[in-house]
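Chain naming follows the written order as A, B, C, D and E, and within any one chain the residues start at number 1.
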């Protein structure tokens, strides 16, 4: 475990309380741009929830564009502007400990949002367990292969996320924990978030292994699209492909029977929970929690697998996408087939 | 005291071969001998990069026999086309001793425009394909304007462009993120599924060889008519036949798999057109002149501003074209289109192929050679199952080695005084 | 200052006429209020010490620099020359002292740069190469191959190429800035012949040279600059070597006269020629 | 016929002011007048970038009054130090018309070495800090070797380095991913918590001003003794007092918040040493000579190879130092340390500050000015609440605008012939 | 070929001696089997047509090029000169035809490049600036400021700087490759004075020039190159202008003699001087 500075008093006890009536500033720090969810789901959801609960409050927002140092600067900038609470989705959960350290020094409580920050000084955790995501993907893939009677010992090609991304490391850990015990062999693997790189790699593996490939394990939707493009280009019959983020393109692809599954978090629920906790902490209240992680109160998010059959009950039901967005002319038939109206 | 020159002038036949200090070939056998001598001296044009390529291929082939399989070569060609096309544009700006750092962003933005207009707005494909190219032209024009009117170095203006255009890409893809291109749309088929029919490909090669021989014979005849030395006629025929046989063999091998990809032919076509433009048109002459000595070019009455303008525009237009090809290959436009290694790969391809960063030296072909080196390394490593840390190390090392071969021979050329 | 026009030209309007030209580079005033006339069919020698401003004046005429003040008349019409292209279009061909060659281009490419023959989309390389050999032969150049980059030519070969360039167009005024500085004896003689041929064809020629023998040999008039100002103008046949040197150096007692005095006892071999 | 020179030579006093064509100042009032004239002519050194910086500051200040708050300025200075230090190294290779694309990877690898050795292996801090610097020196030496022995252009060798060193970084961090540095370790305190005591800072400023005045007076006196023109004594005193008052005010303002960061002072120290080395040592003279004309430098008897070697080594060592500072600031070494914008930011800082990509023109100070422009834009945008897409667009636009100011003035300088 | 050593030196060992030097650039043989001797206290003029190989020979001596074949002896000892630094350390100072200045450095910086005064960590700028003015005054240079980049100097000013550079060290052989090509009359006289002073101090001097008047005026011996080969060597006082030109051009009937014949009727003004 990382060492930390001299034990400082718990932040929530010393925060100067402010009130919802007068309003105050809340900092929201999100990690990157390449996943669409942050700017299209989390941030609007967060801002809407604040608006509803505290109309006079102001949300300061910044996106770190995959750069831990930049995220730190953004956090400093928000502390300069006098935020009363920081909600941080860290690009790097280890490096973000410095953000917590600096915020706590200025008596601003910090909530880890979506990803864990490895700091005992955290006030609250609203987590999306990325190992769990990997497990979900692996599990769905294993079940699908078993259902299709693909013999154990057949191969899976893994398109993991970039090694420079800590989350990718965790996702991969979770996925392997499912795939390996099930007896499916990992034929080859690459670590990248770059579409064209993943596509070239997939093409190479198709050239190398051909029909020995029983499935593509892909860590996110971008890599899944790349794998599908490679299979299409090679004229290969599409094999099951996993994903993450439930992007619109992938949801459509799933409905069209190309991608097999993706993983989805209820961003809205996560954002609303974060706002609730943030407002409490800023006012000096101690929010109640159901769980704890490393002794810190936590609200644990449950990621869900999305397949063609569950599109209607997940992303559509939660209002992530409008039916009209998904069911463009090209996908209209698929929508009706899967009961999406 | 010796007043009579001790040197007797040999009988001379052509205008350009009369200097007695010059060793020159006068027939086919002589040509062969001179070529041999040139190679031993290391004065061998782009051969060294090709040697580097051959070494890379040999090593990867021994590590995994699939490397030179026709199916993998077809993949390699398809993989090269998009970034290779962008690299051709890079060659143009490098020739002027400028740089374009925004090629990646422009290619990504082009893909985004294509996807948004074609898929989301349902505009006709030709509009959706033309619009990004027009965007590229506008971007290039802005760089040229900033450079010519305000003297902003292209490093800075295109760095600004890199960021700003990425902003536009995020902005128009904003609400949805990635957008799929339909598999049956022309652009996706072009990038994934279109191959020449075997017969067509064989005929095409014959046409190429015939055109080469015809062209070489005509110009040799014209040179002779004008009292200049020229390649020997048998030499031309031998080269033509070698070309024919070599290309037919290559095409036959590719036809064992899916065949000759139309997108790769398109890339070759771009190279051909740009190579002609650089070597045979006034515009190309002006490009080299400016790259060599911009003040001399200006004093020679060249409209320097226009040349910069065209080069920047072409660079961005080719970047946009490459972006469209990449989008077709991926069948999608995403938030990260163009943000990965596109910039570095395209610039590196031009440089590895032998185009100078300091202007005035380079060729359209360098984009082809360079991108083949880069993609061959990537493809070879893809066939080996490596950890990404090892993969990075090997890629870096091999890249440098490929260029060491080239540099060593260039060095020997310099020692012989013909650098 | 007396009227120094050659009598035959006295009534004729000058082809090119500069008045009150000034130019400063930062804190250095390179030219101050300089006048110059060139008539058709006349060779004007422009002489002066190093740094006197000769090349600067030439560059202003050639459109490579802009003057800070002053006016230019072409055939009596006021003109502005704001780029080398405009100068070329007026009919001014210039051989620059620094040659202004593109080192990465070969001899043919440099000779025809900006004036390539053939169509814009397919230059006629054979024609240009053939004509290059012709141009170079005129100047009795010793260049082994016209298909090597000019970077690898010797100093004199490069200068020959630069001079040959000025013959490619159809100029009415030719400006030569120290054209024979790096040339061998034979090539120098050819260039002087060329200059005379140009005059005989009715062109105006401005010749800059530090070689007074050559200047006196070919020029009709001599204009002297000193420290960026006009410092005398002479009809060539009226003036002695000593007078010119005095105008250039600003003193009758200068290094040249001193050295001549010191050497007056040495062999006369050096006196034998002046070509 | 006029044979007498019409020009009368004025009486001259110093060796370097005797040419009558030269306008030169001879006293303090005169100096002021000349400065005014120079500014009007646009001949004003690095002033334009400073003007760009002032404009950026003014705009952001009106948009958000916190921008110029002392607390934000302190942050700005801390943010600039790490990449700024790397940019100083970039200036050195750019001066030789070379480039270093691997600075990001070297900085990331340095951070990884620090974290692994210090935290995981528990080695003493001084070892953990020295090792990365030694690694940087070795990397730089390899580039120099590749360039000097094999003629591999630095663009290619450092591109290979970028990839290979990233591979090493991933490899040694591999099993655990990111590693935290203890908050109470020296390097983290240095980067986050060390500030000069107010008294110390005021005294330091006085020392700086006294040294400046002393130095200027001594060298002016020496010039006069040798019959050369020199700045007027009152002029030196006025400048010294302005320097003192200005710096004291700045320090006082920073002391309203946390004060003067030691890491920023370290950065300034690096700039000071490098600036001295470039302008006052033989080594620096050789650097500029090689950048201007490498063949001329070689013919002047300069050991060109050694200079390349030192420059590449220093560049990589400074990159490693910057990586250590960044690790301290972040209190962690991560898989993505050095992979973000470090490369582009560091090179852009050098270029924006006025260092040429073509060698022979630049200064250590340009790294400071350039990084301040970049970080000021980033910091200003952080204070506005913007979408990423908009943020990218503005960053790109402002970057170009900041340089337009500089370029416009440089252009006017060129028109006046002093470029 | 007769022995052309000055009688006083006939028994003396040459300071520098080249034998059988050959050098090819690609397909062009620039030098073939060239010999050259220089004695202390002697001025050897190296002459030849453009492209004859003079500068190439100089660059080989100066360590800037490597010869393909041949040997060099220094004071009778065989040496290899593989870099300019080695040539400098032997005591060879060279003024290159292309000047080899760093355009971005100012005059002082160029003059003392590689030989800065003061300590390595704190050069003595004041001393160098002062000495620069002294060096330039010796050559009667007209340079307004020594603190501007040499890029902005005139052609002759640049050449003066290059020549002044060679005076900074303590050489025993000075090689001057067309040192007066761009110089004004006064500066040329000063350089010729300088060359004679160097000889009088016992240095060996190799002077390349196309100006036969100057060559005959100062040199002790004349060595002719033609098309990369030795084509004669003469004692200066024994040889006429016409003989030299014939050796250079390879024919008694050449452009120079033709031009002289054509102009024999013109005014004698041009004949008046030859300095």
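FYI, a contact is a pair of C-beta atoms (placed from the backbone, for glycine too) under 8 Å apart; a residue touches a chain by one contact, two chains touch by 3 or more.
All figures in this text were calculated on a predicted structure; none of them were measured in a lab.
Considering the contact criterion stated above, the chains in touch with subunit A and with subunit C alike are B, D. Two chain pairs, C-D and B-C, are weighed by contacting C-beta pairs, with B-C ahead.
In terms of their C-alpha centroids, the spacing between subunit C and subunit E amounts to 25 Å. Mean C-alpha position of subunit B lies 37 Å from that of subunit D. Subunit D has its Cα centroid 40 Å from the Cα centroid of subunit A. Subunit B and subunit E have centres, each the mean of its CA atoms, that are 46 Å apart. Under the contact definition stated at the top, the residues of subunit C that touch 2 or more other chains are 25-28, 142-145, 152, 227, 239.
For subunit A, the set of residues that touch two or more other chains comprises 33, 39, 163. Residue positions 19, 21-22, 170, 174, 387-389, 391, 417-418 of subunit B are each in touch with at least two other chains.
Touching pairs of chains, sorted by label, consist of A-B, A-D, B-C, B-D, B-E, C-D, C-E, D-E. Those residues of subunit D lying in contact with subunit A across their complex are 64, 66, 69, 71-72, 75, 79, 82, 166, 170, 174, 177-180, 182-184, 188, 192, 326, 329-332, 334-337, 339-341, 378-379, 382-383, 385, 387-388, 391. Those residues of subunit B whose C-beta lies close enough to touch subunit E in the complex are 1-3, 5-7, 19-24, 34, 41, 43, 415-418. Residues 1-2, 23-30, 65-66, 226-229, 231-232, 234, 238-239, 243, 246-247, 250-252 of subunit E are the ones touching subunit B in the complex. The touching residues of subunit B, counted against subunit D in their complex, run 97, 99, 101, 146, 150-153, 155-157, 159-171, 174, 344, 348, 351-352, 357-358, 387-397, 399-400, 403-404, 407-408, 410-411, 414. Residues of subunit C that touch subunit E in their complex: 25-28, 48-52, 54-56, 97-98, 140-145, 148, 152-157, 160, 178, 181-190, 192-193, 210-213, 216-217, 227, 236-237, 239-241, 245, 248-249, 254-256, 258-260, 263, 266-267, 269-275.
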